[in-house]
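Dropping the structures in below, format is structure tokens.
Here come two complexes built around chain A, the first alongside chain B, the second alongside chain C.
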Partner chain A sequence: MLNSGIDVLFQGINLQRLLLGLWVTARIALISIILSFFFGILFGVLRTTGPKAVKVVLRLYLELFRIIPILVWLFVFYFVLPADFEINLSAEVVSILVFSLWGAAEMSDIVRGAVISLPVHQAESGKALGLSVWQLYRHVLIPQAMKRTLPPAINLATRLIKTTALLVMIGVIEVIKVGQQIIEQSSTEYPTAAFWVYAFIFVLYFIICYPLSAVSRRLERKWAA
Partner chain B sequence: MSNEPVLLQVNNLTKRFGEKTILNGLSLAVPKGKVFVILGPSGCGKSTFLRCLNGLEPVQDGAIVLDGENLTAKKTDWRSVRQKVGMVFQSYDLFPNMTVIDNILLGPLKVQKRNKDEALQQARELLTRVGLADRETAYPRELSGGQKQRIAIVRALCMNPEIMLFDEVTASLDPEMVREVLEVILNLAKQGMTMLIVTHEMQFARMVADEVIFMDKGDICEAGPPEDFFTSPKTDRAKQFLNILQF
Partner chain C sequence: MVAYIIILTRLLVLIEREGDCLALDWTYIIKYLPQYEEALLLTLKLGVLGILLAAAVGLICAVIQYFHIRVLKQLVQAYIEIARNTPLLIQLFFLFYGLPKIGITLEAETAAIAGLGFLGGSYMAEAFRAGFEAVPTTQIEAGKSIGLSQLQLTRFVIFPQALSLSVPALGANCIFLLKETSLFSGIAILELMNTTRDLIGMYYKTNESLILLVAGYLIILLPLSLILTWLERRLRRAQFGN
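Showing the complex of A and B:
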């Protein structure tokens, strides 16, 4: 029974549809990760050196994204904004927006932690040379902090990729949604379709996430030397 | 005491951390080309004093005048002051993400915007002088503590400072490496560099100092030429301090 079920993947354009769904997942994740890292580094640095008010606001922002489930944020941006404020964003834009806001918040905490874990003498000897705050971060603190940032940042990236599964709930046709559609269409013909489709999706997620961990491990080893 | 013009003048310097007074109205005049060694028990404020001189610690009262410029005025541009005041710390504080030469050139190129060839040439001369010309492309982790500290001195010197501050630069070195660092400082003294040195190396202090400053409880307790201080200290506190050291 199970043996024959694998054919469901090659039925019609099913494989192509799944891979297109994966592309939607990967595209949303990739754009969100890039924006998260960029703004996360910026916010993280501001949280170590910015004015008090900026620090407070950024802290509040982080806590909001930690306390409130991502699904709720997706609903707020997808259903509440159009209904109450007449702001209509496509599901994909909402996804990228919410994921980037969430990722940047988490990344800012990772960067801040890495910067404040550096020995205080590093900043002092930089200042003693006459470096400006920007130069100090650019040449001394950020390069050193990045090494400490890498493992948690890769972890965050894989979390962002995995959490794209939630986007089914606001109607994004990503890989899981496509999988569900295929299962529904073929369940009479292939009773084991669910097994094979989800097994395939499992492999697809693994293919995206595993290289990230591998790269991270390699860089860690290289930098540890 | 000296006919040289005063390079650094400190008047009534007061530094407090909350309720605690660290520097209690300290005054000092350092003529150009002289070496002042600051001694004193730990917690007497000697490190804090050095840190105040290049703005790493804000002060509450008093004046610091360097080369005619009042640093305790409201709008002090500490970045330009720090180019004139070289400082070396106790911890080997090279930047681990850069090679030796990049460590040395960071200030000259990024802060002083100097010509690369000219700065590189000076850096190499200085490295040769401290006996580390062959370690240019090494990373700090490949160097011994003594080598790191000599590089840190070169890094400060390459900014062409007018005065050098040394904050217990040999305190965390293995004993056999102390000498190589102290020799570098002795050579600087011979070349006429103005220096303020906080140290616990009494032999060295006696050898290098033009003037010994003995600090206690945030103020200068006694000051004078090293021979006078070490052979016949005037204050009881200084006598006590020296007795403890003569184990």
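Showing the complex of A and C:
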């Protein structure tokens, strides 16, 4: 029975459906990663150079997103936006919104950490040369901070990708949901379908995330010196 | 961006007719508070058990890696990579819905604890390993030169230092794992998240339910996070010998 169960993956267009579901997952992850890197760098720089009030607000925003589970945030946005603000966004847009907000918060902390870890004399010599704040960041601080930002940023990307598994809980038709549909359809024909479909999705996530974390680790080791 | 602007304008409208929309139904909150209390306790119970399991798994893995125990080391490495690079929700689904199909049936709560232990074990292992590696070699060499056996060296020199060095990372993992308990709602456990989902589905009291949910997590996580910040500062001070 065990040997025949795996056939459920190749039955009809099941494999195609699963991969299409994976594409939905990947699309949401990709858009969120791009948005969170963009806003994260912006917020991170603001947290090192902006006015005090901005710093406090951004810190508060970071802590809020850190301390409350992402699933809770997804629910809050998913239920509160339509109920209280009469904004009806699709589950997909809500998830991109929440992931980007969370990713930007985490990214801002990575960027801030990288910038303040640079030796003070770098910023000071830049200022002594008469560079404007923009020039200072553009030519001195950001290029140096990049090396300390990239490995944790890639890690953050893998975390975002892993977190996309939560999308099924707010009803996005992504890879897990498709998997559940396949399990339900073929439960009489293949009693072991649940085992194989979940194992397959498990492997899919691993195939996507493992190379990313391996690259991140290699860069970290390479640039550690 | 457009969404932000819309939200902002809505918020202004909302403030204008305040009390109309944001007014909370307090009788509802009071009525369902005990249910949330129960859910909170269940979340805590599963979280703590999962974290204990994770810490045990992590410590064993870290010791295997630190002492380069053959074969087992490779196995541990593979386990860590698998656990860290897959989402907990899939791990839970696999444990709870997948395994029964090949004859291993777990109860929901057992699956939850096992899943948290499986995921957390890999994070804990990394935290412990970093602690072990941070013990200065001078300490180990000094221990050897005064004639300590390997067991004594481990027991009296390496362990105490490694464990205190890994405390901040362990604490961060505890917070991370407690947050991950929200995924237990996926395998039909009535913890905070699932309770909220049920109640919203039944009564449409969205705001009240969500406020209770967020409050529930804050009650668990905020004190822990504050204690952790304090502990970290203490340990850092201890390190410099002040």
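Of note:
Note that the second predicted complex is superposed on the first by the 214 of 225 C-alpha atoms of A that agree within 3 Å, B and C clash if a C-alpha of one lies under 4 Å from a C-alpha of the other, contacts with A are read in each partner's own complex, and residues count from 1 in each chain.
Heads up, the rule we're going with is that a contact is a pair of C-beta atoms (placed from the backbone, for glycine too) under 8 Å apart; a residue touches a chain by one contact, two chains touch by 3 or more.
Given the structure is predicted, the values throughout are model-derived calculations rather than measurements.
After superposition onto chain A, partners chain B and chain C are found to sit side by side with no clash. Using the contact criterion defined above for the overlaid structures, shared-chain residue A:97 touches chain C, although it does not reach chain B. Of the two partner chains, chain C is the only one that A:166 touches; chain B does not reach it. By the document's definition of touching, of the two partners only chain C reaches A:205; chain B does not. In the superposed pair of complexes, A:195 makes contact with chain C only, with no contact to chain B.
Taking chain A as the reference chain, the count of touched residues is higher for C when chain B and chain C are set side by side.
Taking the C-alpha centre of chain A as the vertex, the lines to the centres of chain B and chain C open to an angle of 100 degrees, rounded to the nearest 10.
Measuring only between alpha carbons, the smallest separation of chain B from chain C in this overlay is 25 Å. Overlaid on A, the two complexes show chain B and chain C touching no common residue of chain A. Of all the residues in chain C, the ones that touch chain A in their complex are 3, 6-7, 10-11, 14, 21-22, 81-82, 84-91, 93-94, 97-102, 175, 179-180, 182-183, 185-186, 193, 196-197, 200, 206-207, 210, 213-214, 217-218, 221-222, 225. Interface of chain B with chain A (complex): residues 54, 56, 78-80, 82-83, 85-87, 89, 91, 93-98, 106-107, 110-112, 152, 155-156, 159. The residues of chain A lying in touch with chain B in their complex are 119, 121-122, 124-132, 135, 139-140, 143-144. Across the complex, chain C is touched by residues 2, 5, 67-72, 75-76, 79-81, 83-87, 89, 93, 97, 158, 162-166, 168-169, 176, 183, 191-199, 201-202, 205-206, 209-210, 213 of chain A.
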